[in-house]
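What follows are several structures.
Shared between the two complexes below is chain A, which pairs with chain B and chain C, respectively.
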Partner chain A sequence: MKRVYTKEEACIGCRLCEVHCLTEHSRSKNIIKAHKKEFPRALSRVLVEELRPVSFAVQCRHCDEPVCVEACITGAITKDESGKVVHDEEKCVGCWTCVLVCPHGAPRRDLERKKVAKCDLCPDRETPACVEMCPNRALVYEER
Partner chain B sequence: MSYVIIGNSVAAVGAIEAIRRIDKEMPITVISDEPYAVYSRPLISELLAGQVKQEMMGYRSPDFYERHGVEAKLGTRVVSIDPKKKTVKTEAGESIGYNKLLIATGGTPFVPPMKGRELGRVMTFIKMDDAKRIEEMLPELKHVVVIGAGLIGLKAAESLHHRGVKVTVVELANRVMATVLDVEAGKVVQDALENAGVDIVTGDTVDEILGDTAGLVNGIKMQSGEALDCDAVIVAIGVVPNAAFAKASGVEVNRGIITDDHMRTNLPDVYAAGDVTEGLDYLSGDNRVMPIWPNAYIQGKIAGFNMAGEDREFTGGLAVNSIELFGVPVVTAGMSNVDSDDLEVLKKSAGYAYRKIVLRDNKVVGAVLVGNIDRAGLVTGLIREQIDISGMRERLLADDFGYIDFPVELRKERLGVAL
Partner chain C sequence: MKTYQLPEVKIERDKDRCIDCQVCVRQCAFEAHIVDEDGEVYSEDEKCVACQRCVSLCPTNALTIKDNKPFVKDNANWTAETQKYIWKQAETGGVLLTGMGNPKPYPIYWDHMLLNASQVTNPSIDPLREPMELRTYLGSKPDKIDIKMVDGEPVLNTKLAPQLMVKTPILFSAMSFGAVSYSVCEGLARASKELGTFWNTGEGGLPQNLYEYGPNTIVQVASGRFGVHSEYLDAAAAIEIKIGQGAKPGIGGHLPGEKVGAEVSRTRMIPVGSDAISPAPHHDIYSIEDLSQLIFSLKEATEYTKPISVKISAVHNVAAIASGIARAGADIIAIDGFRGGTGAAPTMIRDNVGIPIELAIAAVDTRLRDEAIRNRVSVIAAGGFRNSADVIKAIALGADAVYLGTAALVAMGCHVCQMCYTGKCNWGIATQDPYLEKRLNPDVAAERLFNLVRGWSHEIAEMLGGMGLNAIESLRGNRLHLRSIGLSTEEMDILGLQAAGSPMA
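Our next item is the complex of A and B:
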């Protein structure tokens, strides 16, 4: 399956991937409304780590044997037939077990909704927003 | 011939999903004494609190059994196994043949012998029906005493508090969650509970449950001599493996069913998984009962693969707990509360926040995070993979500890370097 991979050498630490991830997961999908007018605000599912001069983006790796799926107490996280690790927000109760077991620290806590937010590879787009909007092509979406 | 699974919770699901990855043909029969399709046991506290509706309790979608070619015999209790004939016998006298058998019967709440334990409204709290029973009597409950300040007891206390019931928790140890938390972390959690209005009594235990003439609970008497009026008692001291019928049928049982590194029992073609087992503990290398949801799924999965003929080894369970009480999240992993000379402890605390990392030979073997628990999984991953932390020791206590602190090669391997 296609996954998002990061190129540390190309990442400039601008965090535009976070901005566009938040926007894509907002109700309006409008960059300004998403950040200024929507409450609760959407949460970016990608996280940029930085310690100059190194920076890179981290999001769900859609693991082959995902420990989050095994650990989820409500059955909200499943692996679908395409291999994507899918999170059902309706079923999530914010128990944070996936936060505790994901070795990548990928699931983020949305404290206002008391739900987890994780990368869904942007189902409404051909290429995930973080990849498409990265100004220096530091994120790629490809099959390995 | 078919696969037969006794029990219908998370370990059973782990097994079914694994079996169907290998074998799409042979029928699977699931037998459970509960009448419900598989549901999330940990969610009963949210059900009682009114935060989750019954229709959202399902752990898998309603078509789960059909999609996986499973016949679910619900409301049916298994009373014995005949390993020679390869059959199980139900309470109604039905005999069901198996090709491979999985025992995944979970645990039963432990209610110690104490005076008054047979009274009406002395309850336990691990199943859907327990939550429903409490819901039904809620209008009559003003004050409930919970015995035991472990995860189940504290979640029951929080749920009842949300429903307007006064709760007192009585715990024999000197702190709450004493199995996984040290004194400092226990105090943070206890403060959160007490500030919300839950009474906690530590270092004491209930000696006797008192009843009225109608045979209903009306109070308790503690070891210290102190007495309290109450309308119900929830016993939440712990669960013990539900293995008596298996033992009587020749399955080797210590505290739980003893399983090997393939989740096999001593009987041919008989496997066991989940809270009923005494399986391998990854960190100690010993077998022990580890009644934890993710461990049950993984054991079930390993059993399922092996039952279907795919060789898979169980490398051992890792104890992980996540609980949030009155808005304070608490997570623990591994040896979070073990005192030993070969262990080194790093910790820091501030208000409702606490972070503790336990090291052995430059490897993380345990962790407790309270308050800020973001990215806790990075630490759990270090425990599971026993990675040398020499290069990142100073950063382990940082709230923003991340992949940036990992050795470059390891980080690139984990994230998958872009080509």
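Our next item is the complex of A and C:
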């Protein structure tokens, strides 16, 4: 399956991926409204790790053997036929078990809504928002 | 004491649009954007150099950088800029430093030349349907050739001097590793290979990882002799002796120690952190005869397999100097006009020394023709080429090819803020800071350079076809295809041009 891969040597730590991920997962999908008018604010599902000059964006790896799926107490996280690891917000009770077990620190706690927010590879787009909006081609979406 | 001065620019942030994402804060190496304890972003205008990095990356288009020229009472002599320079020097007692090329409003002769096109009598050529030759060869051509017949086939009996074959008459100018980042060098090298042209190491040596691009590399031997050794010469397609540079004729170079990190140190063969000083003259060249010795030492060292170029800045006596260089045995003469860029130059020199490349090309071509030695050298013109029309006009004036420097940097993201000498280039170009250098992804750099030259080459092919020509070599020095507009008779005389409206002679 296609995954998002980071090219650490090209990541400049601008965090535009986070801005556009948040926008994509907002209700209005309008960058200004999403950040200034929507409460609770949507959460970015990609997180840039940085220790200058090194930086890279981390999001769910959609693991072949996802420990989060095994660990989730309500069955909110599943691996679908395409290989994508999907999270069902309806079922999520905010116990943070997946947050504890994920070796990549991918699921994020949405404290306002008591739900986990996790990369869904932007189902409404052809290319995930972070990949498309990165100004230095530090993210690629490809089959490896 | 603090000298109070109005900042050059004003940073305007539209608070209705700003989402406090701090992208601008992270992008500005000059620290003009700051975030306060509450996570709100604000700016300090006096730190901004107007590089437009934050404006380009702000995701909500909330930023504008505005000119903040103070109102000075009408005075052509004591302009705001003149006053600012004086204040600066009154405060520091130093030399004014700057980057890039001469920004003064001297005449741009390209904009006073018009190209010809065919109508009816010699039909124009459609480059999409018919062959169009942009390829040319740079190097010394023989006075005559001798052909003998072998089994009824003609065979060249004259031994030709080594030539550089370029698929388009556009090469990349010397920009040294150290002054520019490694990503720039890699971008230039990769684009050159794709395009079938050449890039030039400048005086910074050839980084080890780029030796594979040697066949598309011109290496420089400059007055500091940085990074020159036998493998360096062997790796290259041609060698260029750098005498002068258009932005600062008569002046040497100085790469500050802060820019000499491990990789630059290894490539230049100097200790980490030491200043790299290129003297103004080569200390072994005081005459054309001395130059000839260096040319032939380099030819000997590379067994006469590579053309040797000599690069000079366009100065008042450029035609006579070029004639001397041709007679000294050079295969190529590169001439850099006063609009050529640089990483760092004293402002007064950049703005006041040298002559426009247009006049220099015409003067050199005329002189070499008059002396019947034009065939002995190829002429590469440099210094502020902005578009394909400038390039084709240069060729019609008498150049064999051109060097692009600033245009190549602009293609890679440069916004000509002239802060190259600070080493803090926000676009990852004129910097050695690993955090800033990452901002130029070599993949992107190579692609953008390739696109630019491809676009210009297409346009050149179109214009050539329009003139009824099918080869760039047929245009070289063919000044009848140019007409001047709005020039004095002296200028027309030097350029060898007739006025627009005068018939084909």
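Structure notes:
Assume the second predicted complex is superposed on the first by the 144 of 144 C-alpha atoms of A that agree within 3 Å, B and C clash if a C-alpha of one lies under 4 Å from a C-alpha of the other, contacts with A are read in each partner's own complex, and residues count from 1 in each chain.
Everything below uses one rule, namely that contacts are C-beta pairs under 8 Å (C-beta built on N, C-alpha and C of every residue); 3 or more make two chains touch, one makes a residue touch a chain.
Computed from a predicted model, the values in this text were never measured in an experiment.
Clash-free side-by-side placement of chain B and chain C is the outcome of superposition onto chain A. After overlaying the two complexes on the shared chain, residue contacts for A:135 are found with chain C alone; chain B is out of touch. In the superposed pair of complexes, A:97 makes contact with chain B only, with no contact to chain C.
Of the two partner chains placed around the shared chain by superposition, chain C is the only one that A:12 touches, whereas chain B remains out of contact. Touch counts on chain A: comparing chain C and chain B, the chain ahead is B. By the touch criterion stated above, A:144 is placed in contact with chain B alone, chain C being left untouched. With both structures placed on the common chain, the touch criterion links A:63 to neither chain B nor chain C. Of note, the Cα-centre angle with chain A at its vertex and chain B and chain C at its ends comes out at 150 degrees, rounded to the nearest 10. When both complexes are overlaid on chain A, the residue A:36 reaches chain C alone and has no touch with chain B. Look at A:86: by the touch rule set out above, it reaches neither chain B nor chain C.
With chain A used as the common frame, chain B approaches chain C to a shortest CA-CA distance of 12 Å. Where the contact sets of chain A with chain B and with chain C meet, they give residues 138.
By the touch criterion stated above, chain A contacts chain B in their complex at residues 3, 5-8, 49-51, 54, 56, 58, 61, 67, 70-71, 73-75, 90-91, 93-109, 138-140, 144. By the touch criterion given at the top, residues 16-17, 19-23, 26-27, 57, 59-60, 428, 433-435, 438-441, 443-444 of chain C touch chain A in their complex.
Considering their complex, residues 14, 40, 42-43, 46, 51-52, 56, 58-60, 293-294, 297-298, 301, 320-324, 329, 331, 333, 373-378, 380-381, 384-385, 402-404, 412, 414-419 of chain B touch chain A. For chain A in complex with chain C, the residues that touch the partner chain are 9-16, 18-20, 31-32, 35-36, 52-53, 133, 135-138.
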